[in-house]
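Take a look at the structure set out below.
Labels for the chains are A, B, C and D, by order of writing; each one numbers its residues from 1.
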Amino acid sequence: MKKIGVFTSGGDSPGMNACIRAVVRTAVHKGIEVYGIKRGYRGMIKGEITRLESNSVSNIIQKGGTILRSARSKEFTTKEGRREAYEQLQKFGIEGLVAIGGDGTFTGANIFYEEFGIPTLGAPGTIDNDLYGTDYTIGYDTAVNTALDAIDKIRDTADSHDRVFFIEVMGRDSGYIAIPCAIGGGAEIVMIPETETTIQSVVDTLRTGWDRSKTSFIVIVAEGDEEGNAADIAAQVQKTLPYMDARVTILGHVQRGGAPTAADRMLASQLGIACVDGLLAGRKCEMAGIINSQLVYTPFIDTITKQKVINPYYIEMVNILSV
Amino acid sequence: MKKIGVFTSGGDSPGMNACIRAVVRTAVHKGIEVYGIKRGYRGMIKGEITRLESNSVSNIIQKGGTILRSARSKEFTTKEGRREAYEQLQKFGIEGLVAIGGDGTFTGANIFYEEFGIPTLGAPGTIDNDLYGTDYTIGYDTAVNTALDAIDKIRDTADSHDRVFFIEVMGRDSGYIAIPCAIGGGAEIVMIPETETTIQSVVDTLRTGWDRSKTSFIVIVAEGDEEGNAADIAAQVQKTLPYMDARVTILGHVQRGGAPTAADRMLASQLGIACVDGLLAGRKCEMAGIINSQLVYTPFIDTITKQKVINPYYIEMVNILSV
Amino acid sequence: MKKIGVFTSGGDSPGMNACIRAVVRTAVHKGIEVYGIKRGYRGMIKGEITRLESNSVSNIIQKGGTILRSARSKEFTTKEGRREAYEQLQKFGIEGLVAIGGDGTFTGANIFYEEFGIPTLGAPGTIDNDLYGTDYTIGYDTAVNTALDAIDKIRDTADSHDRVFFIEVMGRDSGYIAIPCAIGGGAEIVMIPETETTIQSVVDTLRTGWDRSKTSFIVIVAEGDEEGNAADIAAQVQKTLPYMDARVTILGHVQRGGAPTAADRMLASQLGIACVDGLLAGRKCEMAGIINSQLVYTPFIDTITKQKVINPYYIEMVNILSV
Amino acid sequence: MKKIGVFTSGGDSPGMNACIRAVVRTAVHKGIEVYGIKRGYRGMIKGEITRLESNSVSNIIQKGGTILRSARSKEFTTKEGRREAYEQLQKFGIEGLVAIGGDGTFTGANIFYEEFGIPTLGAPGTIDNDLYGTDYTIGYDTAVNTALDAIDKIRDTADSHDRVFFIEVMGRDSGYIAIPCAIGGGAEIVMIPETETTIQSVVDTLRTGWDRSKTSFIVIVAEGDEEGNAADIAAQVQKTLPYMDARVTILGHVQRGGAPTAADRMLASQLGIACVDGLLAGRKCEMAGIINSQLVYTPFIDTITKQKVINPYYIEMVNILSV
């Protein structure tokens, strides 16, 4: 393999640039050419492809977002779209790909390999962390720290005014972000998709605290919680506990940005190297990840179909520590 | 004057603790006793009053929020409420007050003086900055920097995905927070209550940019803008420009918290000292402020009735710099 | 066991407060009494011991340092000192201890148990991470991120002026802090105690870069590197490469402070809970740690005598990525 | 005037990029061409000059350092050097210059105008703030906040260990950085070049505190203090007070980097606009500054020869507030 391409796809996450950098520098180190493909599969189809040199990725390791940009591509879900993508890669002589993204990205890469024989290795670039095949995804640690930093600020004002804050953090399908935010943010309650927490139980916990003359509370809500979003939940709680002053904050897209943490830079760097190494070793249709401090390659199909399970003990921790 | 009280009232703001500290330390330095009154006028009525010593305020200068807490008080708007407050102060021998808050706080202090003769001096503690009698209010600089930090993060993701972000910052009646966020955040458009910016003009600006192949935009919206909140505005723009991907983020209460900036610690310290000095010099019903680097005392009545005007040139700056 | 004590000892690290909080809250949750011992063994001998309740540890999870303070104690290295400590504990009815600190702390706890039968469990509180029995120590992740944040700032100025910066980070005996700082900071060279990096090789790397018209460089030096401290190394390099502009920054004690990261708050919370649980289950003279995401208890003697080894591949990573 | 150049010179400071951006965007807005000159006068002589467009300065407003880099130039101090610079400018048709830097930069610009008639306007880009003609220099607010953030971290560890920390901040000739660091950092003592603070008085203050059972102290030392650097001072104090545990931290170059604060971005933007406006209006050999919220142009000669004086009351504030 003499020429490879690298692209980012799906929602951006902090550390993607560090991973791009690692892919490029490793390729240069191994003496192979590397091309940056802009806007994921969409740019691949359009041929938005340029040669990257070592200094193309100077001073990006600390930057949030992705210099290669990201986009959704409907065309790539069609055979014709993928054929166009293939032809563009042929034009540049690109023989292998590194895809930084999530399971949607890997699904596309799998089909692309079956049809056109271009091998792809993936790095898990998503803040959500709910991806089978790695303990942590690139961007997760940063997103959690960003959210926690915001929660620390909100607690200042919650404490100053005797308020109940419902803070919504990202996590459409999982509580991976919500859990450390709740434990690290000293929250009284956490509500995540994986477990049922009824409005009634929230009300009970708040009332018990209130009766012990506790007057400010923080409830962390994962955006995908089954009881609704933070605003809905707050409204229902407020109705039952009208003497409490409930407020809502939705942290939103702030969580996607910012300079990656040390852990995310390390992880992104390791996995970027591993993707290039893996391609050169003949691997394909696998995601590089770190499990128990060991580098592992997991078939894309497993990252798509298997489920990573959050440790239920963490919820118990929230209860113990908010005593 | 041998004994004074200090309290915080209204919305909390970063630097209130630094101001409390300055009041306490200055009082100790001058050899007078100082009492902390919890939860503003509400706590004054309830007698939530405790002696503060120099070390009561150790290690709080960097803390957001207010260790004295804050609350609204309906009772203090009644004569009977104010009488109870007066009796509580009498009980402790408190002869003068330092109020850290906004115009609502000062209104109460004015009436209280007329009725019961307790002199109050005020320090402007509010993130909004729209208070006549000082160039900057305590907490404003921190709030702006907190918002800007969030905007920097959002720009990472806006740039990565070719999106239009509508970011709502605090400012119910003014664009004081929105303006530096727009200029400092490299925004294309700013919408503030003081000036009319039609949806049509927003659409025009975005379209012009898009036609010059600009693909990511940031629009800063002060919460009190006359066109509605950020979500409303985004929805209307999206309708006219369906090919753009519009997203909304409401920064919310995060802006109230956090460690105060150097400027806010300095300002809070100066004004805390000035309030105690002023009380001892016989001043009353005035707010201490800094105008053009000079300490000035402005009658409460002026801070309540007069309007501070934002420099309209700043909006022109947004236009020039987003060329 | 009905009453336990908790203390911090050795150099402070961010997350110690989160750990104290977890110990206190878990004890309260289990219905046992908990006492805070100030200034480690020194305070134990002096009887600086007070009852802690659930709200004694409110709002400390995000604070750097240790509310229980820390100190060295010569007296505790003597039998008489330890007897006095024992008598103080007896006075309060304290039957077990949680020690948050490093190997020096655990050495003392071991002897103390042999002589007086007071069981201690330990939590690894040190920024250095070179402690056998846990993948990460409490404070390590924060220290690395603090250092990295400073390095990002220095790179701004290094790049602006075409300079070679020698940045000294903590790590008297190991490169645990230096390695992620180098990889995450995009450094060209890392010098750590575990491996030999000669001045000559540093000079060679810099010269090679210079000849490829690279004009700014960052060299991360662990304080315990065998070639000397950052200033010594810089001076020697400057002598050989007089046309380069070498600067030195020693990050120093800044690395010990600051709000703990999410990872450190999680780790501290988990280990605090584990120490109380372990004591109640009859464990003694062991340190709680997390290895491969699993809670493990390691005998103090192993944490003191066995060595944790840094992955040598990380140094290779620095070379690949600075290509 | 149809073509102007912009460059940065002297020590870099946060906000220089925001100023470059403002210069470029204003020029584009006014319909004139703008060129970036790399490495200050050195690059001017070498002809390191390139056309800048509006998007050349996209996404740099938040970056520390200077994309145009900075350097000292011995050649420009000679007539021949300046002639070469002039010839390079002629080659590009550059008729006017915007110099972002300090008094050294402006001295050169003055001579250059006298000899070759190229008008320069200056923006004060230096973290030191000791420049006549503006209340604040670009980068000063950021440097102070960076230093303060570090001091907050050090206080965590100072408090945890009962230590006296001597923290050296930048300021070769003035205490502008030291003063807000001391007031905002809750320091007990500040030592600046403008005033004499003897070692004896430091010892006295520390001893008085110690006798009142205060056990941790922070002393802020401006690097240019007449008593020596922080390490020297600490050593002398330690000799007299051997029972105290004195530590030294030199914040160093960290203070030069980092994302500029809101205030620095505003100031840099305003002054960048003002420099272009001024050049077009026929101004020359003047520095744009903000005094009492008003834009003012001050002759270079005044910025070089006149002295800005720090308010001595600030030192009194440190004394009052550390009571």
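In the analysis below, a residue touches a chain if its C-beta (ideal position, glycine included) is under 8 Å from a C-beta of that chain, and two chains touch if they have at least 3 such contacts.
Fair warning: this is a prediction, and the values are worked out from it, not measured in the lab.
Chain centres here are C-alpha means, and the one lying farthest from chain C is B.
The centroid of the Cα atoms in chain A and the matching centroid in chain D are 39 Å apart. Per-chain CA centroids place chain A at a distance of 28 Å from chain C. Each chain gets one centre point, the mean of its Cα atoms, and the points for chain A and chain B are 35 Å apart. Under the contact definition stated at the top, the residues of chain B that touch 2 or more other chains are 152, 155, 159.
Under the touch rule stated earlier, the contacting chain pairs are A-B, A-C, B-D, C-D. Chain D meets chain B in the complex at residues 18, 21-22, 25-26, 28-29, 54, 58-59, 61-62, 135, 141, 144-145, 148-149, 152, 155, 159, 180-181, 183-186, 259-263, 265-266, 269-270, 273, 292-293, 317, 320-323. If you check the complex, the residues on chain A that touch chain B are 8, 11-12, 14, 16, 39, 63-66, 69-71, 146, 150, 152-157, 159-162, 165, 247-254, 256-258.
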